[in-house]
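Next come two complexes, and both contain chain A; in the first it sits with chain B, in the second with chain C.
For the complex of A and B:
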């Protein structure tokens, strides 16, 4: 698979900030892959998302160094409007993601398509589809301002995926959602991946991150601490240094390993719990 | 579809009526002519089913203004033919004439536009303006303001509640409420400013500045009646001009 996004030695400082928020970040995201970005609060995840979507340096000025390429082209060569068709960005904060010009959810989701100049009949079809996909048909006639946080989060997600960008950048989609809602959102994201989209997800819930993502990028105080296939990153002792939670099974397995239990491999998904032990007692 | 014959008109047709009334009362000097528009507007409002709110709005706002303007003209307009006195002031017939003329125009024009906003959905009107070339940014500003006003009202209620729990009086006399107004205003304005940039980014995430023409789910239809009415306004305006200046 080819790289769809590449960052080389990217550093960034906000206009009002003293410190570099991203420091010498180099990374590669493969086309069609599901990459999760993890890291503690303030490690620069949202900032990185803003760079990928072009909001840095278009909206937030500041100092940006290094090279960013999208599909082999320098990102600075793209206009903000052009990037909108390629990269969809669902923000962390669902309360600011309402256009403010539509008085119902259906129109709200259609808004991006109207801006892209999609023919009206097609807009109706695509919005219907997405309403069903994201499971918000029941909200279609509601005023977007009158939705709860979790409902807004889904509407925001729907408003972006309806535009069918090749790359989806999603910043902590589950912050306002209950466990079931979170799982549903992950299922939707997986469907997007199956459609061939490249997914870049910021998320704290490590069980789900391990379950769904192909690759992991670990940010620590603005630096890329690790990156690679999810399993490799989680198995690497360096991961412990980042002070990020392990998936529950991994944590238990690593503890058992420390106590002397032999493992075939380090499990990262719940389903692997039965096969990771050397002497599978169930066989006898 | 809207069944009401007035409401179903194209927003620009409604707008041009208000413009036509304005033009006509400026061309025709007679105050009787200008006053005559008022009952006509009431009839239109009645057909549209908004007569009650139309009249009550006018009596609450325009009427006071008209009374003040009329009295000012009556007493202070320079004129020699005195027709009466009140205390130290003299009423002149010139003042009476001018007062009638001025108030008749204010009433006609004011009522025409008040009625316009009663019978038009501002969303439709903005869409109509967009169709004839208003840039999307302009349309956005109008529409978002409309959407955000109720949102701000909700927010200010929340802030009021918060102030109340902190012991700030928010109910009672005008003075008390005015005092409570400013502590409410500051957080409201600050939060509005803070959200402007976020809003710009939100819009951008919806491809607001995407190159190329936009489409819209919201379509307005222009029917033959709209064309006929618009031509009628134009021809009548020209007719009035010709009558006034050439005949």
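For the complex of A and C:
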């Protein structure tokens, strides 16, 4: 797989900030992969997302160093609008994603496609499909500003995936969702990956992150602490240094390992709880 | 300081015709810690807004201490029941954290000393002392949420309602919230918390109210709720990860805490007792 996004020695600080928020970040995102960015709050995840979609430096000025390329081209050569078509961005705070241009959910989701000049019939088809996919058919006529938090978060996600951008940058899309809704969002993201999209996800829910992502990027105080296949990163003792939540099954297995229980491997999915431990005394 | 909250057969319909709450009856004694959980759109936020007078019931009655909310203004009620909005941006209107937090206690008419003390206490408890002079809009979302929590607890209300404080929090933020709940309990505060984090609920709450489709469908202990399939299904909930692993291992129902599962597994798989 080829790299679709590359960052080389990228550092950034906000106009009013004294400190560098990202420090010497180098990373590579492969086309068609599902990469999750994990890290504690304030580690720079949202800032990194804003660089990937060109909001930095187009909107937030500040100081940006290093090289960023998208499909081999220097990112600074792209217009913000051009980037917007390539890179779909779902905001961390769903309350600010809603444009408010239309007074109903259907219109809100259709709005981006209208702007692109997509034929009306196709717009209808695509919006219907997304309303069903994201489970918000029953909200289609509601005012987007009169929705519950989780409902708004679904509308925000829908309004981006309906555009079918090649790259999806999704900043904590499930923060306001109920547990089943959260799983559904991960399934939707997986579906996008199957359609060939490249996924960059920021999430704290590590059980699901571990189950769904191909690769992890671990940010720690503005630096890339680790990047690699999900399983390798979680099994590496270095991960503990970032003080991030482990998947629950991993946490439990590592705790037992410390108590002297041998592991066949470091589990990262719930189902592996039945096979990860060695030497079942019950079998003696 | 006794502010009991009672919902007596309360229903609420928004102006656009959406009925968000139907026949809610709930009794929250003073000083209790309660979690409200349940599917998106179930009516949780609406229910708590009825408790602090931001909304008034369409039918039924809401009592806050001796008061019926229909006879009181939101301003009066918000002195007894502090509400931290689900969306922090609905609440923040100062350019500096310290001004934002100080606003509430000043508005309550506390004397200068109490204003300073309680502002500092709230800022410390919320882990934002390093951000006192920061503009809240330059802070990450999750820390902005702590700014709004600080500004509400600094008002020293009897009842504090937190609407999804766990959303987007990392491990450190969750630990901070846990500690805060304990502090507030010591002070005798009633704390009502809406959350979608099932581990957090199991760890910190004795009483859990479950909502689905405009109604309260369960009210009890974690051990009662997380092993009832029909309730979980109706409210789009999942039991904590530990319970799911317990089920995979074929363990008896009732397991909810990590420590219980670790103890069990340690017993089962002990290093050195192996037979190849």
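Keep in mind that, in the parts below, the second predicted complex is superposed on the first by the 278 of 284 C-alpha atoms of A that agree within 3 Å, B and C clash if a C-alpha of one lies under 4 Å from a C-alpha of the other, contacts with A are read in each partner's own complex, and residues count from 1 in each chain.
Here is the rule we use: a contact is a pair of C-beta atoms (placed from the backbone, for glycine too) under 8 Å apart; a residue touches a chain by one contact, two chains touch by 3 or more.
All values reported here derive from a predicted model rather than from experimental measurement.
K.L.:
Touching A:271, do we find chain B (first), chain C (second), both, or neither?
P.N.:
In the superposition, A:271 contacts chain C only.
K.L.:
Quick one: classify A:123 as touching chain B (first), chain C (second), both or neither.
P.N.:
Only chain B is touched by A:123; chain C is not.
K.L.:
Tell me which partner A:149 touches in the superposition: chain B (first), chain C (second), both or neither.
P.N.:
Second partner only.
K.L.:
Let me test your reading of the model: by the given contact rule, A:175 touches which partner, first (chain B), second (chain C), both or neither?
P.N.:
Touch status of A:175: second partner only.
K.L.:
Regarding the shared-chain residue A:222, is it in contact with chain B (first), chain C (second), both, or neither?
P.N.:
In the superposition, A:222 contacts neither chain B nor chain C.
K.L.:
Of chain B and chain C, which one contacts the greater number of residues in chain A?
P.N.:
Comparing touch counts on chain A for chain B and chain C gives C.
K.L.:
First (chain B), second (chain C), both or neither: which does A:96 touch?
P.N.:
both
K.L.:
Taking the superposition as given, does A:81 touch the first partner, chain B, the second, chain C, both, or neither?
P.N.:
In the superposition, A:81 touches chain B alone.
K.L.:
Which holds for A:249: it touches chain B only (first), chain C only (second), both, or neither?
P.N.:
second
K.L.:
Based on the superposed arrangement, let me know which partner A:160 touches: chain B (first), chain C (second), both, or neither?
P.N.:
It touches chain B, and chain C stays clear.
K.L.:
Kindly list the residues of chain A that each of chain B and chain C touches, one partner per complex.
P.N.:
Chain A residues touching both partners: 93, 96.
K.L.:
Would you pull the chain A residues touching chain B in the complex into a rising list?
P.N.:
Result: residues 53, 55, 58-59, 79-82, 84-85, 88-89, 91, 93, 96-103, 107, 110-120, 123-124, 145, 159-160, 163 of chain A touch chain B.
K.L.:
What residues on chain C touch chain A, complex-wise?
P.N.:
On the chain C side, the touching residues are 14, 16, 18, 38-41, 45, 86-87, 89-90, 138, 140-143, 164, 167-173, 196, 198-199, 235-238, 241-242, 244-245, 248-249, 258, 261-262, 265-266, 268-275.
K.L.:
Can you name the residues of chain B that touch chain A in the complex?
P.N.:
Those residues of chain B that touch chain A are 123, 140, 143-144, 147-148, 150-151, 154, 195, 197-217, 219.
K.L.:
Once bound in the complex, which stretches of chain A touch chain C?
P.N.:
14, 16-17, 40-42, 46, 92-93, 95-96, 142-143, 146-151, 154, 172, 175-183, 204, 207, 243-245, 248-249, 251-252, 255-256, 259-262, 270-271, 273-274, 277-284
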